[in-house]
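Both complexes shown next keep chain A, but they swap its partner, so chain B is in the first and chain C is in the second.
Presenting the complex of A and B:
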């Protein structure tokens, strides 16, 4: 702190910058404060008190009522189940493929990589109708597997891209020693590559978990039965039905958002490294 | 038997097969299928899909007024997305790159909206834009503008821009983090040398920092572009395309045509047009990044 004050005296612009950054950050966090405050107010309190006035008496019951009305026990369960299956499975499939593309000799490696990287660029939001048609023709509408398969297809390309560039950076001596010792590629992959890839895998795991947890559009077309809705679908329907119960609506928003926020706050550094490894290595 | 396993261990296709199969069936096939749909008449239920040539395209391009609204909105949205979030993100990153107390907390705050579900962002902002008790209405009332509270999402002329404000709030942190990572590639000794030589802040930025973060700038712009085409949830949640289609976007209109009006042919034609635009923009970037991949 003292060092900073000293540098402020030397460079007043730095002080101005610091204050500006704090003011903007206050603006950025204001919506959260507003939502959390409203979620703890009774409807009459919402109408009577200012936006940033803390609730006069805390209405915890908003959360309970919203939880039941919004059927959150079902949607949280569905979201959790889909994420718990999809995220590790996707990473395993992507890691295997990335290893093959980076370390196994084949004439087609480059073409296959290009084909897969192309997938990181396709906006699936454009193709919701054919995705529904496909899942429907397989008889998988309203099933977990029917949602997980397209999730995998659109999640894998980015993960392969990141893991491929990471695997290529692993020193050749390391894998060749294992191969010469008689280990096959699968053993080399499992014993040599997976352990040193753990930090990258952790970063991809967290990123993918949040992405899966938040996905809305694909779930909207595939999960049409309310019993199979994921959390974002549940929130959307809650807004449609109870948009005038302000306290409860905001309690529903907080409930939906909280898990992702907690995951972020706990695993912050992985987010940054995960994003950065993909985008900036050049 | 053991030999067979041994052989399998070294067969690259076995490593690739699961990924390629799922990817080809659930990501590539829908793209092919939507292209076929765009030349057919189909309501999504009939067993038969009738080939109708180019008539879906003709209808969409010449008779569907909403398509052109959506087209113009998508272009406006994309251009704004290429300017606002990256620029604010870059400014924040440059600021947070200085040795300031609490900068990791500040960084966390700016990034927080990125990890929230877009549909939750839409729900939050819809409530904040509530013309009676929403955040903005209350603040305007407190400041004495209570009589002239705009109907944020209800006004055809401005609704799109209010939706975009929510989008900026969510996206800025994403650009910021990428720029912060890119700024780590800037050679500190070069910056110091420039300052010793008497270069001001702007000149140092222009001639030292900017060339070093050029690859990052490219990446941020391409990713912002793709993100902006994907903007579906936030529009769906905030306005659903309304009022009277004034915030309609191409991706959402394709969805509406197919899944709500049950005209899969016209929906398909819109999808194909949007896919073509995406591919035309993305291919040069892919070539550029594959060249880099080959070099590293």
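Presenting the complex of A and C:
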């Protein structure tokens, strides 16, 4: 603590940055505190106390009731199934495509990349109606595939974009050394590029998992049968049914957010910086 | 071990010619250095031999086989890159065994080859480390280990010492040279550093602008440069190149001094020429024909390098003795007459070299 104070005195800018950081963190964490506190309050407590007052008596039963009433066993399963298939599959396709665009010589690389990047620029809300028509004409409405395919289509372009620039940054001597060592493109990708890319892939995994887990509009349009609803849809109906029970509503929100937080905590340790250092002069 | 033949090799990128018809013969077991300034095409040439660049026209043969269309892995070559290009996530042992593993060799065989290479290079204790945990010199050695485990026909080195500090560079220079002669493997080595070229090569190929300027043994090139480019490129400090004019008694130097030449060596009167004198062949002499002003004195301990101004031209003198001299002193110099070079100022080609 003393050392910290000393370094602050030497560098006032550092102190200012720390204060700014703490303020921003507090602002970000405030809603979360509010949600967690409310999820543990009885209805009367919610009405009687302030938003940031800790619950006087812990109402654990909110979680149990919310789980059953929101039909969470079904929606959690649906969300998990979609995310578990979509996220790794999308990343695999994106990584292979990005490698090909970055490292396999072709006259059309730039054009294809531009075309793919163009895909990231279309807001998918604009595409929602035509997309529904398309999925419907394929007979995939109310199916997991019908939801996973559009998710892939909207998720992959930006992943390709990010991975492509990362692969481009890998020294070309590394692929050349692999080429001379006798590795084909697939071996080079799997044995040389993929291990270097782990931190980026972990980051993309987290972002994509959270985005897929929380996605609402597309799921609302394509999954019309309540048995196929994902978590955010379950949450929405929850709000309508029990609009005056804020304790249960917030318990449902916490339940929804928890898996995403867990995924984040598990994968963030792969953000090991400097994994690629030492490949070339460092 | 194989010989390498390069015949009328050309490389063009679109409309730009990078390599203009190069012919080189490299004998079995020979250590050949390709040297030249940046952009002279030496790395492109090496990469064409490796198969990393396509050949626009001409032929490259390794052994008796033309390899223009052969994939890099089937050329039986190994390459060491300037930035080492070690696989960062693999240990030293894995880096060295990668090629053997891909070639489908047995585990026992691979382990034996890797440990033998590690022994040769003193990498034994480092086998389980990752490249990030190695120093520059160690990484360089691993890159060489990766090359020698494959027991290739030809070693290719692309400026392998450029990323090392000066002291390590001298040490690795000797190590590479010793290793290659011990293994007896044909080696093509690219560098822009003429000291590396002089000290390591059996044969130097001097390249400039995508063309060969001269090929030969290091000291032959040093003593008998074919043109101004080779004369100025090889040697450190570089050869003094001064504009002179032929007069009845010999040559008029910058600053007006006359350098007398024997009657049979005098060029036609009035011709403008470039005179080349190595810095170590100039000596202070109270009656010398060259009048110079000292501009800088650089004592290195073993020798003294003196920068001089001769009638507006820069010059360098390399002395073994320690002379009491400072900037601003006027001195007179005399050259070793039988070791002068005269070049045509227009074409840069050598006219005569006075070497006994």
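We adopt the following convention: the second predicted complex is superposed on the first by the 232 of 282 C-alpha atoms of A that agree within 3 Å, B and C clash if a C-alpha of one lies under 4 Å from a C-alpha of the other, contacts with A are read in each partner's own complex, and residues count from 1 in each chain.
Following the convention adopted for this analysis, contacts are C-beta pairs under 8 Å (C-beta built on N, C-alpha and C of every residue); 3 or more make two chains touch, one makes a residue touch a chain.
Note that the structure is predicted; figures quoted are calculated from it, not measured.
A.B. asks: Quick check on the superposed pair: does A:171 touch chain B, chain C, both, or neither? Answer first, second, both or neither.
C.D. replies: Touch partner of A:171: chain C, not chain B.
A.B. asks: Could you figure out whether chain B or chain C reaches more residues of chain A?
C.D. replies: Of the two chains, more chain A residues are contacted by B.
A.B. asks: Is A:127 in contact with chain B, with chain C, with both, or with neither (first, second, both, neither)?
C.D. replies: Only chain B is touched by A:127; chain C is not.
A.B. asks: Which partner chains sit in contact with A:28 here, chain B, chain C, both or neither? Use first/second/both/neither.
C.D. replies: In the superposition, A:28 contacts chain B only.
A.B. asks: Is A:195 touching anything from chain B or chain C once the two structures are fitted on A? First, second, both or neither.
C.D. replies: second
A.B. asks: Is A:20 in contact with chain B, with chain C, with both, or with neither (first, second, both, neither)?
C.D. replies: It touches chain B, and chain C stays clear.
A.B. asks: What is the contact status of A:47 with respect to chain B (first) and chain C (second): first, second, both, or neither?
C.D. replies: A:47 sits against chain B, while chain C stays out of touch.
A.B. asks: Under the stated touch criterion, which partner chain does A:181 make contact with: chain B (first), chain C (second), both, or neither?
C.D. replies: A:181 sits against chain C, while chain B stays out of touch.
A.B. asks: Can you give me the overlap between the chain B contact set and the chain C contact set on chain A?
C.D. replies: In the superposed arrangement, which is not itself an observed complex, chain A uses residues 187, 275-276, 279-282 for both chain B and chain C.
A.B. asks: Under the definition above, what is the set of chain A residues touching chain C in their complex?
C.D. replies: Result: residues 171, 173-174, 176-183, 187, 191-192, 195-196, 274-282 of chain A touch chain C.
A.B. asks: Where on chain C does chain A make contact in their complex?
C.D. replies: 50-52, 72-73, 77-79, 81-89, 98-99, 102-103, 130-134, 136, 139, 146, 163
A.B. asks: Would you tell me which residues of chain B are touching chain A in their complex?
C.D. replies: 6, 8-10, 12-13, 15-16, 18-20, 22-23, 25-31, 33-34, 37, 44, 92, 95-96, 98-103, 106, 108-113, 115-120, 123-128, 133, 135, 138-139, 142, 169, 172, 174, 177-178, 180-182, 184-185, 215-216, 219-220, 223, 226, 229-230, 232-233, 236-237, 250-251, 254-255, 258-259, 264, 267-268, 271, 274-275, 278, 282, 285-286, 289-290, 292-293, 296
A.B. asks: Per the contact definition, I'd like the list of chain A residues that touch chain B in the complex.
C.D. replies: Per the touch definition, chain A meets chain B at residues 1, 4, 7, 14, 17-18, 20-22, 24-25, 28-32, 34-35, 38, 46-47, 50-51, 93-94, 96-97, 99-101, 104-106, 112-114, 116-119, 121-134, 149-150, 152-154, 156-157, 160, 165, 168, 184-187, 189, 210, 213-217, 221, 231-232, 235-236, 239, 243, 246, 249-250, 252-253, 256-257, 260-261, 263-265, 268, 271-272, 275-276, 279-282.
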